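Down below are the structures I want you to see.
Both of the next two complexes hold chain A, though its partner changes from chain B to chain C.
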Partner chain A sequence: MIQPAKPELVTVNIDGQEVEVPKGINVIEAARMVGVDVPHYCYHPKLTIAGNCRMCLIELGMPAVDRATREPIMDEATGKQKINWIPRPQIGCGTNVSPGMHIKTQSDMVKECREGVMEFLLINHPLDCPICDQAGECKLQEQATGYGRGYSRFIEQKNVKPKRTQLGPRVVLDDERCVLCSRCIRFSQEVAKDDVLGFVDRGSYSTLTCYPGKELANNYSLNTVDICPVGALTSTDFRFKMRVWFLKQTNSIDTESSVGANTVVWSREGVIYRITPRQNDEVNDTWMADSGRILYKQVQSDDRLLPAGSLADNLAAASALLKDGGVAVVGSGRSSVEEQFFTARIAKQLEAKSCIVARHGEGDGILVSADRNPNTRGALVTGLITGLPATELTELAADIDAGAVKTVLVVGEDLTAAGLSADQLAKVNIVYLGFHANATSAAAKVSIAGLTVFEKSGTYINQQFRLQKFASAVPGLAGATDDRVVLAQLLAAVGGETTGSDLASVWSALSREISVLDGLAYAQLPDTGLLLDSTAWSGLAFPEGETLHYQPATAEATA
Partner chain B sequence: MNLQPETLARIDEVITHYPEKRSGTLPLLHLIQEDIGHIPEEAIEWIAEKLELEPINVYEVVTFYPMFRRKPIGRRHIKVCRTLSCALVGAYKTCSKFQQEFDTKLGKVSPDGEVTVEFVECLASCGTAPVVLIDEELHENVDEAKAKEISDHIKAEAAQRG
Partner chain C sequence: MSAPAERRMIFKHIDEEGYSNDIDCYLKNGGYEILKKAVTQKPEDIRDEVKKSGLRGRGGAGFSCGLKWSFVDRKSGKPIYLVVNADESEPGTFKDRYIIHQDPHQLIEGTMISCFANDVKQAYIYIRGEFPEGARILEQAIQEARDKGFVGKNILGTDYSCDMFIHRGAGAYICGEETGLIESLEGKRANPRIKPPYFPAVLGLYQCPTIVNNVETLCHVKHILEMGADEYLKIGTPNNTGTRIFCVSGHVKKPGYYEYACGEITMGQLLYDVCGGPLDGREFKAVIPGGSSAKVLRFGEKFTLKNKDGSTRELGVEDIPLDFDTLAACGTMGGSGGVIVMDDSVNMVEALANINAFYAHESCGQCTPCREGSLWMKKITSRMVHGEAREEDGELMKSVADQIAGRTICAFGEACSWPTQSFVLKFGDEFKSYQDDKQKASAGKLELV
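Up next, the complex of A and B:
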C-alpha cells in the first residue's frame, strides 16, 4: 500500500480548545476535525471557494505581538499571550488556519450572524418543504431549525421566479428555492468542464439560468443535484418518487467502467430509487457519472433471465456436460473477484482454456474510463486470464470450428456480441449463468439465472488495482441464485476442491492462494478500498487513459 | 452585427490593457453598445469568443448592469432624471411631455425611430433641476415648455435629414 505523505500540522484554538490540524486547511475543515460544525452553503470541499453565502461567519483572533520588537504581548491577568480579536466576523470557508489562530464558532456574535443570514435567505424562500424533494436532506431546513427565528417578520410579497425550468434532460430547476450559492455553476466549470450555468440579473432578482439555447446535458449533470444544498436542482428521474428518510443506504460500486466510482444505493422494501456518489478522495472525490446512476434499472429490466427449473437439476445437467470434456470457459470482467476466482478454479479443474470479453469505449477523462469492464484487474489477479482480454473471442471461434471444444461455460457474456456466429453457438453445448437474457442464454442447454450487482455482495478491483467492496442492496429476483454460490456449487459438482461459498470462506481461500491478497478478509476491507501491489502486471498495456485520480503507467510501459 | 472598423481597432487595443483577457468584458460591452446601440445575443457570443470565455460568462455581466440594453433604442436616448431634486420640481411632467411629443412609452422606441425616453437617477446637477441628458448632452431647467422646444428641435432635424 502506498501511504500518503504526513501533512504538516499547526496548532489552533477552536472555542478554547487547542487542536493540531493540517496546515493550509480552512476553518470549516479544521472545526470539522474536532467535531464542530460550521454551517455553510456555498463552500464545498471539492470546489473552489466562492465565499458568497456568509453562513460560515466566525470570530477570528491572532496572538498579539509588539510591532517594534516582535515580542509577544502578554495578558497580565491570565499570564498568557494576548489575543487580538478582529472586531468583525470573518468567513470560515475563505480563512485558512495559521499557527496560533483563535477561532470562536459559538459566540453571541457568531450566532447573531447565522440568524441574520438565515433570515435573509428565508424571506424570499417559498414554503415548499411539504412537496420538496430535498426535504430531509436540505441544508436550509437544517440551518433553519438551528438558526431560524421560527416565524417571519417579512410582510412584503415574496419574489416570484421560474418554478420548473428543465435545465437539461436529467435536471429540473426551481429558481425560487435557489439560495444562489453557485456550487452548481462552479461544478460545471471546474469538474464537468461544461460552463453553461450562470446567474442573470441581480439583487433579489438574481436567477440561475442556463445560457439560452444551451442545455445542462453533460454526463455529470446530476452531481449538481447532489451538491445543491437546497431543493432547487432536482433529478427528473427521482423527482416526487420517494421521501429520502424512508430509504435504506447501501454502499456499492459503479460498474460502468474500471474507474469503480464509489456509490450509495438508496432503496426501500426491495426497490431501488436512486444511486448517488459516495466520497472517496482517492477515486471519485464526491462525484459520479449520470450514466452510472441509471444502472439500477437493470434490476427490473425486461431482458432479465428468468429462473427456470430447480438449481439442483440445472447444476446436475451443467456438471454432466462439463465433465464430458472439451470445455472452454468464458468468464466475465463484470463478475466479482470471488466469482472470477471460482470461474478460474472450474477452468483449472476441467483443464479448460479461460478468457473474458474485453469491452472498450472512449474514456471521458473524468470518471468513465476506456475499459468498460469494472473488474478486468480482478480477472488478472484471480488468474482467470493471464494477459489483456480481447473484444472478439477469435481463439474460441477457431477452437469450435476445429471441433476442439464441445461445451462452453459462459458467465454473463453474450458470445454473439463477442464475434461468434449463431452457427458456431449451435455447434457447442452452452452452460450459461447470468442475470440477463441474450442470444447466448437462448442457445444454452442449461441456463441459470444469476443476480445483478445490486442483489449480491463482493469485490471489484479497479484500474488503480484498488480492491473495493459492494454489498447487496435489495433481495435477489425470486428463484435466481447468487452467481458466487452457483459457481462454488458447480466447482464442487465437477470435482473441484470445495470451499464454502460464503464471503468469509471465499476470502480465506483467496488470501491463502493469491499472494497479493495475502492477509485480507472481506469484512475488514475499508469502505474506500485497499490498493493492491500491482507490480506483477506493470508490463501490460491497459487501455485506460487519464481520469480523475488515475494516471496511466508511463509511455514505455504501455508501448 | 456590423461593427465599425474604429470599434474593432479600439476593441483589439483595449484587450491589451488587462493581464487577463476576461477583464475586457465590460469595456468591450461598452464599445459595442456605443457602436450599435444595444447588445444583441450575437454580440454576447462574439465577445465570449474574442475573450476565450463561455457565452454565459458574458451574459451574466450584461444582465447584471441595467445600463446595457438588450434591445435597439431610438436615434437619441433621452434620460430624464427622477431623483429627489428633479422629481420635486417636475421631472415627471417633463418626462410625460417627451413621451407625448414623440407618441411613445417609457423605454420604447418612438414610432418615428427618433427617440427612446427613460428615467435615470441623479445626474449630479441638482441645482438646475429638472435635468435631462440627451445622449451626451446635458439640458438644464427642463420644464414642460423647454421639453417641447427640445422635441421640436429634434423633429426639425429629422425632417431636414429627410
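Up next, the complex of A and C:
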C-alpha cells in the first residue's frame, strides 16, 4: 500500500485553542478537523471557492509584527505576541490558514453575522418546508435552527419566481427556494464539463436557469441535486416518493463500471428509493454518474429470474450434471470477489476451463470507465481468469462445436450475448445462476435464482486494484439464495473442499490462499477501500482510459 | 467669505469656445507633448513621480494611485493590462463624460503615459453602455491617435508598442467595481471577485496583473508629468493633492461642474458662492458630498475634528474643506465628487426611497447580504411612501443596513447601506413621523385614486 505524503502542519488558534492543521487548507476545513462547525452554503470541498453566501464569516487575527524590523510585537499583559484582529469579518472558505493565525468562530460579531445572513436568506424563501422534498436534509432548515434568530422581521411581499422548471430529464428546479449559492453552476463547469447552468437577472431577482435551448442532461446532472443545500434542485425520480428521515442508509458500490464509485443506498422496509454518492477522495470524490443511480430498479425489474424448486433439488440436479465431466465455467465480472473465488474453485475441482465475459463501453473520463464490469480485477485476483477477458466466448464456442463440452456452468451471463448461437446452447447442458432471466436461463437445465448487489454483501476490486466492500441494503427476493451461498454449496456438492459460506469464513480462506489478500478480513476493511498490490498484473493492457482518480499504467509510464 | 478662483486643469478646455475633440485641435494646444517626453524616460521614474505626487484615485475610494501601481506583479512573466474605468455610474457624478466628450485625447495621452510607465502592452477603455456617443468619440480619437503614432505599434518611433480598445458595458452600475468590470470585460456576468485571492494587481484581467484607473485619475497623470510632482504637490493640501471636479446637482441656483484645488474650497463656498445658494425661498437641508453612496450631511450638524497638535476644532457642514481626509473625518467621503444638494422641500424618506430603489436594482445578486438586504430596504421605503409607513421602519431599515455593510464581496455593500444608515441616523424623526406628516399634509386635499 502506498502511503500519502504527510502534509506540512501549521499551528493556528481556533477559539482560543492552539491546534496543528495542514498548511494551506481553509478555515472551514481547519475548524472541521478540530470539531468546530463553521456553517456554510456555497462552499463545497470539491469545487472552487465562490465566497458568495457569506454564512462562513469568522473573525480573523494575525500575529503583530513591526513593519520596519519584522520583529514580533509582544503584548506586555500576556507576554505573548500581540494579535491584530481584522475589524471586518472574513469568509472562512476563502481564507487559508497560515502560521499563528487566530480565528474566532463563536464571537458576538460572528454570531451576529450568521443571524444576519440567515435572516436575509429566509426573507424571500418560501415557507413550504412541509411540502418540500429537501426537508430533513436541508441546510437552510438546519442552520436556521442553529444560527438564526428564530423570528422574522420581514412584512413585505416575497419575490415570486418559477416554481417547477424541468432543467433536464432528471432534475427539477424551484427557483424560489434557490439561495443562489452557485454550487450547481460550478459543478457543471468544473466537474461535469457541461457549462449549461447560469444566473439571469440581477439582485434578489437573480434566477438560476439553463442556457437557452440547452438542458441539464449530462450523465452527472443528479450531483447538482446532491450538492444543492436547499430544496431548489430535486430529482425527478425521487421527489415526493419518501421522506428522507424514514430511509435507512447502506454503503454500497456502483456496479456500472470498473471505477467502483462509492455509494449509499437509501431504503425503507425492503424497498430502495434512491442511490447517492458516498465520499471517497481516492475514487469518486463526492460524485457519481446518473446512470449508476437507477441501477436499484433491477431489484424489482420485470426480467428477474424467479426462484423455481427447492435449492437442495436444484443443487443436486446441478451437481449431477457437473460431476458428469466435460464442464466449462463462465463466471462473471459482475460477481463479487467471494463469488468469483467459489466459481474459480468449482472450475478447479472439475478441472474445467473458466472465463468471464468482457463488457466494454466508452469511458467518459470522469466516473464511468471503458470496462463495464465492476470486478474484472477480482476475477484476476481470485484466479478465475489469468488474462484479460474477451467480449465473445469464441474458445467456448469452438469447444462446444468440437464436442469437448457437455455442461456449462454460467454465472449471471447470457451466452447468446457473448457470441454463442442458440444451436450451440442446445448442444450442452446449462446450469445457470443469476438474478435476471435471459436466453441462457431459459435454455438451462438447472437455473437458480440469485440476488442483486443490493441484496447481498461482498467486495469488488476496482480499476485501481482497490478492494471495496458493499453491504446488503434490502432483503433478497423471497425464495432466492445469496449467490455466494449457492456457489459454496455447489462447490461442496461437486466434492470440493467445504468452506463456510459466511463472509468471515470466506475471508479466512481468501486471506490464506491469495497472497495479495494476505491478512485481510471483510469486517476490518475500511469504508473507503484498500489498495492491493497489483504488480502481478502490471503487464496487462487494461481497456480503461483516464478517469477522475485513475491514470492508465501505460499513460503513467509515458508521462 | 468668497470662494477662491476656480483652478481648471483637467477641465481646462471643457466648454471652451472653438475647442473641438479632434486630434488637430488637441495638438494645436500642445497635445501629446508629454507623451513624447515620457517615452524618453525610464518607466520606473514615471512611476516614482506619480507616487511622489500623492495622486489619489478619482473614482470614489480615493486610493493612492502610486501605491496601486506599486502592487502590480511585474515578475509574473504575464502581460500587464491597464483598464480605464469609464463606467461613470455613481448617481450625481458627471465629470468623466465631459472629458470623454470634449477632450478625449487628454484621456488617451494620460492613459498611454500610464501604460508606458507600467510596461502595459494592451489597454482597454471600459465605457458604460449609456455612453454610446462617448464610445463613438473615443473610438474615433483612438484611431486618430493610432494614425499619428501615439497608440499602437512602435509609439513615436520607439520600440514600445501598446494598443487600446474600447469595450462598452451593457448598463450595470456594478461594472464600475474594478473586479466586476474585469469579469464583464472577460465577457462574463459582472460579479465582483473575492479578494483575496483576486487582487487585480496580481490576478486581474485574464488572471494577469491589471491596473484599473478612473478616467480623471489618468488625466491627472499627464499633468503630473507636465509640471513635475513637486509642482503638483503644491496644488491642494497635504495628502489631498491636485484638483477635484465637483459635479453639483440638485437644489442650487447654478448646478454644474467646477474644478478646484483639493481642499481649498469649503462646502459653504461651493454651494453659496459658486453655485449661487439655495433656490429662492428655500433653505439647504442636506447634501451628499461624493455620489449617492456617500453618507448624507445634514445642515446644522456639527463635527468635532482633531487637529494635528491634539487640539480639536468644530466644523459645520458649510465649513468642511472639500478634500478626501476631512470629509472622511466627518463620517462621509469625497467619493466621486458628485455633490447632491437637497433643500427643505425634500422629504428624506422619499429621497431615500429613490436611492434604495437604485441600489436594489443595481445589486449584482451574487452575495447574500447585499442581494437580499438592498431589496428589503427598497421594499420598506417604497411601502412607506405608498402609505403604509410604520414608526419602527427607520430603525428596522438601519438594522438591515448594518447587516450588510462590511460583510459583502465588494464595496457595493457599503454603497447601498451607507445612505440608509446616515439618513435614518440624521433624519430619524422624519422616518418615525412620516405616516402622520403625510396624513396631515394631505388632509382636506382631493387625491386621485
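Note that in this section the second predicted complex is superposed on the first by the 554 of 559 C-alpha atoms of A that agree within 3 Å, B and C clash if a C-alpha of one lies under 4 Å from a C-alpha of the other, contacts with A are read in each partner's own complex, and residues count from 1 in each chain.
Keep in mind that, in the parts below, contacts are C-beta pairs under 8 Å (C-beta built on N, C-alpha and C of every residue); 3 or more make two chains touch, one makes a residue touch a chain.
As the structure is a prediction and not an experimental result, all values here were calculated from the model.
Contacts of A:37 after superposition: neither chain B nor chain C is touched. After superposition on the shared chain, chain A has more residues touched by C, the comparison being chain B against chain C.
By the document's definition of touching, both partners, chain B and chain C, reach A:202. By the touch criterion stated above, A:75 is placed in contact with neither chain B nor chain C.
Judged by the touch definition given at the top, the superposed model places A:211 against chain B, while chain C stays out of reach.
Of the two partner chains, chain C is the only one touched by A:179; chain B is not.
Shared interface residues of chain A (contacting chain B in one complex, chain C in the other): 198-199, 201-202.
If you check the complex, the residues on chain A that touch chain C are 49-55, 57, 87-89, 91, 94-95, 112-113, 116-117, 119-121, 123-124, 153-154, 156-157, 159, 179-180, 198-199, 201-206.
Listed in rising order, the residues of chain C touching chain A in the complex are 172, 189, 191, 194, 196-197, 360-369, 371-376, 379-380, 383, 396, 399, 403-404, 406-409.
Those residues of chain B that touch chain A in the shared complex are 41, 54-57, 59-60, 63-64. Taken together, the chain A residues at the contact with chain B in this complex read 195-202, 209-212, 214.
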